[in-house]
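Same chain, two partners: subunit A is paired with subunit B first, then with subunit C.
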Partner chain A sequence: MSVSSLAFPACWNCGAPPGGGHFCVGCGKIQPLDPASGYFAFFGLPEKLNLDAADLDRRYLALSWKLHPDNFVRAEEFERNLSLDRSSVLNDAYRVLRDPVSRAEYLLARHGVRKEGQTKQQAPPELLEEVFELNESLEELRAARRSGDAAESVALARSLETAGRNFQAKLGEVDSELAGAFGEWDAALDRSAGEDDRARLMARMNEILNRRSYIRNLVAGVTQELGEAPGE
Partner chain B sequence: MSKTVGIDLGTTFSLVAWVNPETGRPECIRGPYGTSLCPSVVSLDEDGRIVAGEPARRRLLTQPERTIYSVKRLMGRGVDDVQDELRRFPFRIDPESHNVIRVRLGERYFTPPEISAFILREVKGWAEEFFHEPVTRAVITVPAYFNDAQRQATKDAGRLAGLEVLRLVNEPTAAALAYGLDREQRGRVAVYDFGGGTFDVSILKLIAEGEGDIYQVLATSGDTHLGGDDIDNLLLDLARGEIRRDLGFDFAEYPESLQDLRKTLIAAKHELSHAAETTVRFLLPGELAYVRRLTRDGLDRLIAPVVDRTFGPVRQALSDARFKPSEMDEVVLVGGSTRIPLVRSRVEDLFGRAPHVELDPDEVVALGAAVQANILTTGVQGTLLLDVTPLSLGLETMGGVVAKLIPRNSTIPASAEELFTTGVDNQTGIDLHILQGERELARDCRSLARFRLPVEPAPAGMARVEVRFTIDASGILQVRARDLKTGQERTADVQPSYGLSGQEIERMLVESIDFAEQDFAERQLIEARNEAETILHATEKSLAGADDNSLDPAERASISGAVAALRQAMAGTDYRLVRERTDELNEATTPLAELLMDRAIRSALEGKKLAEI
Partner chain C sequence: MAYSEKVIDHYNNPRNVGSMPKEDPKVGTGMVGAPECGDVMRLQIRVNPETQVIEDAKFKTFGCGSAIASSSLATEWVKGRTVEDALSIKNTDIVRELALPPVKIHCSVLAEDAIKAAIGDWKRKQGAEESQASAAAAPAED
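And now, the complex of A and B:
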């Protein structure tokens, strides 16, 4: 049976209110996961985006000791499954929250602002011209390689490198823009800002993340193309 | 509580180890041949009985048709996967076999998990012999790069051998665990594990934490078909070619002789780990002799491409862990193939530091397995392993593209949840295809399972089925599905693409349980009989030494009675009865023993007196 899906109003073991944590406050038994509680709550953290990495590491390791299936080898199957569920979510949550970008993506997805696999892969308008040029250079380079024109390939690769560096710099700019938005979000939480404020901030972060993802793909494409250059 | 052992189920050798509670240290258990290495060889004898380990290895030369080695290469694989292996290994595969390979030994067919179970049962027997009690639980190691099907096949083998497999532990991780006991080291560790048939590399971080030590694996990579076997095959190809060219001899008709040649070449390979050169001398059928000088340099040149192949995974793992080779604090060598000087020097060159070789590279994995077995049975005691899944888990989507659910090197247990719906009206099921691998297209990844989620007929897009994929701490996938509209749990009948179904396991289990109990009882009987023989012999000698007058006739009668009863028990097959009667005879001979003891003391005293006079 799925243990994660059932909502338990009382502790499955002792019948007392379990207290909402990983373990029942009364009897200490591991509790089923509430599917509605998210990754932040799992670590006992508010949904803030600026996160102390060392603190997250500490929380992760402390919970690992307690929730890992190693502790439940001798337990009944029901409890073993609870441990499997909680420890797998612990690892998933840590993986997602550790990285700032996936942390923000997760937050937006959780609030329905961002959907997995449905992010727009459109060139940001202000970059249209540069993207167009970049794609053209990529195409020329591939053509030169196909025809075996070594001199032309080298020249094109060099100009592509410059363009790649340019986009890498833009990625840095987007990252600092994102960091700014993180700060605004956390401040909004601190002052208990209204729904509208939060929705506006999330929409902005979503736009930044889309732009970031687009540029990152460009950079990755250039790196890959240059990495495949023959004779290097 | 019965003991839990750690087992290294290797391609070439298997070992069993335990943690000695007196020393708190892991130790390998030696078998009847005085070594802890049990050859991973299985043979079917003429009476239809299974022989495993050393006796089976000897039969490799006399009965190659009835004997199999390196079966680990076939675990969790389909017939199509192993065509390459078939050119290299004398596996006789049932052409009728489908998703699970069946191998022929003599006139019978066995699946790889069954054959592995025979090996497991052999080393389990060693442990039972050692503890004088049945062993029912084990931690078994697997190559870190084993996929889900290979892991499941290993777990199945454990079950078939009558073992509850508490955990599968990755071999390099086990090695790190074994080393951690011996040395107070902290920091980043690279484990290079080059065994008989598989290569693994793992990058770990050792964290000293308030509650104890955490072994956190950051990345792992490898090749499940790269090992010492490949080196042996290169040598065999070389020798075979030269023999054909120079002596005009072909082995096609002489499989026994080919196995013998392989053995000779392996011995030469081992020798070149110590010596700069050696001479291979091999007698062929028909008075021909193949004599060849082999130098270490020559061997190095021959095997360099095989050794090179290990460094692709090494670079991959380092890059996944975001480290440069020079950033490793420790490098650990595991596996018999790391005895090769070329391998050692290449590893040392890459990392820029001398690797650890203090622990026997053949034993270190089993020792680590024993440590983990001890952790699991005594509760987490200051050591926690956080391992990763070696391959990404994904689902096939439209156009045969793979959507990744759980990326490789995710800490396990790991999970992912996906929501599915229907595309057409009144659809009654949703088909899912689960894959493992890093490639974009489903056809380039490893198919793990296909299954159909049942849904209530409804207009398109109305169904909502949530599927939860969980990779457990052994790296094995579990799938659970739930219909969100009805809240109903849906059992997904996951049919593995390459593996035994639940029913097949059950059937084999029934067959093997008889086997297992019989095995244990048989061993106990042999042992009890041996013990009885010893005491019978001693009793006869003592009786002959005691003259009629000194021993009370009633005692003499009671001894005779006990001897007769023991002889009768020995004629039967109940080892418990033999033990009981042995104890009774022991008791009955106590007065006799005392008598003889008295006499011995007296004569000793008398001798002394004489000397004093």
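And now, the complex of A and C:
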């Protein structure tokens, strides 16, 4: 039994158990949304991280049609609002789940492992040193390029491109590590692994995602610098 | 969301940007990061071994305006204080001084962590020196 069917034991229209879906299984009326049920459940999916993008697209389109406020123009205001609520959650859920990184961040946030902004995240000192040095070399390249002559500028653009390729390669490494962790997470769900196992996997994914955000910033820095390149 | 005037001032005219030699026994280096936004902050202090007063402080931060302002302010505040006194600087003081909005509070936390990390590094160096000195059975210095 899903969380939402527990939260709303009776359909507002017919009084029967609504079944936990978007619409009552008895009378077919749209149901209020339990915010605790989450984005995966919204699409009728388990909380797995390897997700078939085409399947998600199909589910999204089908639900867009069914939940669209146009279908409720003649309904009571209450039902219209339910359709608006569900349609807006549908769009948020689709946007978050479509991207593997935001999908994983969402899963970790949902389980309290990752919090935006105010909760401090730990980063290993070697990583900080490395990121700091990479940022410094990027900054030096930038500064040299601002003051340099045209010929020098070309050479610096090349070194920037090399730096960009290095960061991109690092990003690739992190992403394949993340993909590996996704596989382990899904396998853990399949064998109904215990809390400890899952907590350990989530902590590791959190660590990978932290590293990833540093490297992504570096890649973005190089891309921006090359984009702003004078006389290219 | 607009930055406060004080944040903009520190961002445009950051105080004490730079570095000090990491190997110097009088220098403590704190390197901290906020992975969720990709910020890295390095704060260094130079301590007078006689008086325990922080005589100079430098920082370098790769991050948003609030992170830069928080670390710039932190270097201003630690200068002239004793090590123990500098440890009492709280992130909430930084939040108040810079009028940081709730979403930027973690930047001030980072600056507080950087101060603590720099002092911790300096203290470690002092401990290492003392044990070296006693191992060599050198006469105690004043």
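Quick note on the criterion: the second predicted complex is superposed on the first by the 193 of 232 C-alpha atoms of A that agree within 3 Å, B and C clash if a C-alpha of one lies under 4 Å from a C-alpha of the other, contacts with A are read in each partner's own complex, and residues count from 1 in each chain.
Everything that follows uses one rule, which is that a contact is a pair of C-beta atoms (placed from the backbone, for glycine too) under 8 Å apart; a residue touches a chain by one contact, two chains touch by 3 or more.
The structure displayed is predicted, hence computed values, not measured ones.
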{"item": "Partner chain(s) touched by A:112 [first = subunit B, second = subunit C, both, neither]", "value": "neither"}
{"item": "Partner chain(s) touched by A:9 [first = subunit B, second = subunit C, both, neither]", "value": "neither"}
{"item": "Touched partner set for A:131, first subunit B, second subunit C, both or neither", "value": "second"}
{"item": "First (subunit B), second (subunit C), both or neither touched by A:148", "value": "neither"}
{"item": "Partner chain in contact with A:210 - subunit B first, subunit C second, else both or neither", "value": "second"}
{"item": "Touching both subunit B and subunit C, residues of subunit A", "value": "117"}
{"item": "Residues of subunit A touching subunit C in the complex", "value": "114, 116-123, 125, 127-129, 131-132, 135-136, 139, 209-211, 213-214, 216-217"}
{"item": "For the subunit A and subunit B complex, residues of the former touching the latter", "value": "1-2, 4-5, 61-62, 64-65, 68-71, 73-74, 84-85, 87-89, 91-92, 94-95, 117"}
{"item": "Residue ranges of subunit C touching subunit A (in the complex, touch as defined)", "value": "31-38, 40, 42, 60, 62, 102-103, 105-106, 109, 113"}
{"item": "For the subunit B and subunit A complex, residues of the former touching the latter", "value": "166-167, 207, 209-212, 214, 375-377, 379-380, 384-386, 403, 410-416, 468, 470-473, 478, 480, 482, 487, 489"}
